[in-house]
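Here come two complexes built around chain A, the first alongside chain B, the second alongside chain C.
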Partner chain A sequence: MKPCYLGIDIGSISTKGVIIDQDHKIIRSLYLWTEGNPIDAVKRLLKGLKSDLPKCYEIKGIGTTGSARKLIGLMVDANIVKNEITAHAIGTLSYYPDVHTILEIGGQDSKIILIDHGIIADYSMNTLCAAGTGSFLSSQAKRLGIPIEEFGELALQSKNPVKIAARCTVFAESDLIHKAQLGYEKKDIVAGLCKSIVLNYLNNVGKGKQLKGPIVFQGGVSKNKGVVKYFEEVLGEKIIVDENSHLMGAIGIAILAHNNENGKTYPLNIQDISFQTKGQECSKCSNHCELLKIYRNDELIDSWGSKCGKY
Partner chain B sequence: MSKHTISFPHMGNYSIPVYYLLTHILNVNVMIAPKITSKTIELGTKYSPEFVCTPFKYTLGTFIEALELKADVLIQAGGGCRYGYYSELQSQILEDLGYQFTYINLVSKGKTDIKKIYHELKKIDPNFRVLKALYYLLITSKMVKYMDKVDNYIRENIGFEEVPGSFEHENQKMLTDFSKAKGFFSLYHMYHKHFKKIKRLPIHKPEHCLKIGVIGELYTLMEPFANYHLEMTLAHYGIEVKRYTNAHYLLFEKKKEVKKYLKYAKEYIQYRMGADAADNIGRTKYLCTHGYDGIIHIKSSFCTPEIGAMPIIQKICNQYDMPVIFFSFDANTSQVGIETRLEAFYDMIEMRRKK
Partner chain C sequence: MDKVKIGIPRSIHYYYYGDLWISFFKYLNCDVIISPKTNRDIMNCGIRLATDEMCLSMKNLLGHIDYLQDKCDYILIPRIDNYGISNQTCTNFLAIYDIVHNLFSTPILSYNIDVVHHQTEKQGMIQIGEQLGFSKKQSKIAYLEACNCVWKNKKLAIEKNIQKLKSIKSKVLLVGHPYNLYDEMIGNPIISFLKKMDVEIIYSNLFYSEMTNQASKQLSNELYWKFNKENIGSIPFVQNQIDGIIFLSTFPCGPDSLVNELVMRKIKLPYLNLILDDMDGMVGFETRLESFIDIIQERKRKHV
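For the complex of A and B:
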């Protein structure tokens, strides 16, 4: 039996899973929508990955990252649970050892990671608002009646992108509606939107940072060719988008799971295990913590959210 | 006339010396307001202007909770930033809410008007005596000094304690003892006894552990609830934490130190920028040149002096190639977001160290 390692990246919008071998080559990968239910998404993910995994492999490590990493880490009994910043950096470095800047725009957050000689030198993440992230793009695509997959192509056709306020989603949206009602062409509006994403990102997340090449762009939005084009235009550098750019976090955490191997073998049978969470407000003091209790097969295994440590 | 009930805002463990002082110099009921909880913040946020800095909301919430429990005298201090206007605005808001109380403002118009405070205290307690107050003021300042000394030691070592919670437990015991101090000698004795005990607590500290300096706005630094227990989180990672700002620094050392900082970092800053901005810039340079692995700068949202200091701090850190991260805390900050960033910061400095 050959060892392999599973990395799961559970984002707000999509859930990504990869299985890599000892040399960190991808054996299987899967990408599906989280649909607001990370537990169910991971069950579907594991079912899919398991069904077409060659019989000669056994899973020797599982890592989880992304916004639901803690919950899923508990569910699959992961041997490593890590934040997405580290995971993305590790994953990208395995493909591009000399990368200097990683731009990442996901469904709900966007971040920038600067690498210096193979280690993270600096990073930042969007804070207060989701302007300039994937969820904004997809909601606007819906408003304009364009499938998100065609969004980038359409933007590329434009020669004259309209100007759209880049600071805040609310203003961007009203600007967009205004421009649409004035009669601008759809492709110009779409291009303007892509450009506003780029400017917003650079003003917010990339503020005060020196963006040197090679620059790698990843996360779901990196599949949007329009955004890539405007990044190149504004930064004056070539932007590398890997075909696996959406999987980098999952690859990174799988590599970390490999490094953290502890001899255990994972049978991947969690689809049969019932896994439940129950939310509850604690009324024992005026903190009124929102407690989340986690049950595996009706047995309480953990609870989160308590500020005083009673739970 | 019945006895007055006096209360004051919370900040870290400093309610103990304040309580000590007030009970000894005034013939009033001293109320330690309920601990800060989510409800405090909710109350404070509800009645505060949206864009005021967070300590305003926290302390206003505490005042409301204290008034609800029948406190009728409130004490607030002030400082060299918006903090200097807290008193006027808070007493106005509380009056508008229909509460009846006396508001003692220790710092008005940037100065401590001793005469005015004396008259106000005389009104609350006609038997108030200055000499006695001075005596206990000195004891209390010693108490604060001891507390901060022990605190500094704990901060550097709590991440490496062998029995989880042992430091906190001993520290609480010491503070309970302190509140019963009879005079200088008994306080001194307690301090030595407990500090010795704390120093004897078993730790397993590697010789070259990771070291982080935490700087920023004073209230967010000193009130763990306001910074989402940042120091504890760092300790869990096994990091030695250095923090300069504490009550003793602000009350007794700042005047002298800030001049030193201005001189020390004169290539970056030539004049004071209000509150602790200049201090933090000086500290940044110090941390950069004294073997620290990273700097964490925290502030409450909308803290103007620190916003002014941040670009300079970033510049110094760039020059010295020092990892730095900035946090802005508000009543609505999500704990998960902080954890993610902190964990990544820890990963980053650890990787750099290994290199």
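For the complex of A and C:
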């Protein structure tokens, strides 16, 4: 049997899974929507990955990252649970060892990671209120009636992108509606939106940072060619988008799972186990903590959210 | 006659003057009631009372006063304008008295600090002693005794803070206003998380303030907010002995948003800027803190 390692990146919008071998080559990968239910998404993910994994491999490590990393880490009994910044940096470094700047725009969070001689030197993330770039793009695409996959192509056709407020997505949306009602062409509005995403990101996340090449762009939004084009235009640098750009976090955490191997083998039969969470407001003191209780096969295995530690 | 009962909100001013006030009133044999550590009820109540433009710390203060309003005879709220030229406070410190006066019916015990116009803390404290029916002499002695006692404790705390610089753990300077750093709902979750990650925390407010005030000039000559100057003035003292800096402020703090941004562009260390608002989910902060600690530990490993 050959060892392999599973990395799961559970984002707010999409869930990504990769299985890599000892040389960190991708054996299998899968990308699906989280649909607001990370537990179910991971069950579907594991089922998909397991069904076509060659029989000669056995899983010797699982890592989880992304905003639901803690929950899923518990569910799959991961041997490593790590934040997405570290995971993204490690994943990217395995493909581009001399990368200097990583731009990452996901569904909920966006970040810039600066690398110096192969180690993370600095990073910055959107402040909490300016969240939602990826999900904003997809909701606007839906509103304009354009499939999100064609959004970038359409933006590239525009020669004259409209100006859209780049301060925050709430302003951007009302600007967008006004421009559409004034009669601007759809492609120009779409292009303007892509450009405003870039400007918003650089203003908010990139504020005060020196962005040196080589620059790698990843996260779901990196698949949008319009955004890539405006990044190149504004930064005056070539932007590298890997074909696996959406999987970098999962690859990184799989590599970390390999490095943290502890001899255990994972059978991947999670989909048969019942895994439930129950939210509840604690009424024992005036803090009213929101408790989350986690059950595996109806047995309480953990509970989070208590400020005093009574639970 | 019953003893007078003075209410002290465990919020903004408490973290600068709490100890002084408590010993002062103890010496004068007055009862003191301090609101409990911030909890969800207090915070929610403050948010309900405040306008949405106020910073989270102000909203919090109003919640604490609401808790105290029917439990004491007076609520102590000073009005602080400045501690001399180029040592002003945020306008909120000036406005708090009037805001509280308009919102609550409990009598307020107040004094002004406006050094530019010759109104000092000492005069103010003596004045409230007199207002409570004590003689000028009694009030003066109580104030001097209180100062003495507070100063000893403060010195110990400062020495302890400076001692931490010798620790072999990863060291982080936590820059922020004490009323944010030490508040149960604002800074405390961050501090506990850092401690859980085995990080040594050095606090920006536990230095000699004359020194930090002066040292802030190394970062900028043009600042005129006393408390901000002292917060950032800790950086030049320790920057060669620490691994990173975390700036912690509440949304939408005016002085912090200017001063911290300015400083971030001048320092060479890794830093993290955390702006807190009323959010219950800790996941966002945990991600940021965890990655930040990863970075400083990785750097430390490479440099050793």
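Methods note: the second predicted complex is superposed on the first by the 308 of 311 C-alpha atoms of A that agree within 3 Å, B and C clash if a C-alpha of one lies under 4 Å from a C-alpha of the other, contacts with A are read in each partner's own complex, and residues count from 1 in each chain.
The criterion applied here is as follows: contacts are C-beta pairs under 8 Å (C-beta built on N, C-alpha and C of every residue); 3 or more make two chains touch, one makes a residue touch a chain.
These figures come from a predicted structure and were not determined experimentally.
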On chain A, do chain B and chain C fit together or clash when superposed? clash
Answer with first, second, both or neither: which of chain B and chain C does A:I119 touch in the superposed model? both
Who does A:E84 touch here: chain B (first), chain C (second), both, or neither? both
Output check: A:K25 vs chain B and chain C. Expected answer is one of first, second, both, neither. What do you get? neither
State whether A:K159 touches chain B only (first), chain C only (second), both chains, or neither. neither
Just to be sure I read the superposition right, which of the two partners does A:C285 touch: chain B = first, chain C = second, or both, or neither? both
Chain B and chain C contact sites that coincide on chain A, given as residue numbers: 67, 82-86, 119-123, 125, 127, 208, 285-289, 307
Chain B - residues contacting chain A, complex: 34, 37-40, 311, 314, 321, 323, 328, 336-337, 339-341, 343-344, 347-348, 351-352, 355
Chain A contacts chain C in the complex at 67, 70, 82-86, 109, 119-125, 127-129, 208, 285-290, 307
Tell me, which parts of chain A touch chain B in their complex? 67, 82-86, 117, 119-123, 125, 127, 208, 285-289, 307
The residues of chain C that touch chain A in their complex are 39-42, 189, 251, 261, 264-265, 270, 273, 275, 277, 279-280, 283-284, 286-288, 290-292, 294-295, 298-299, 302
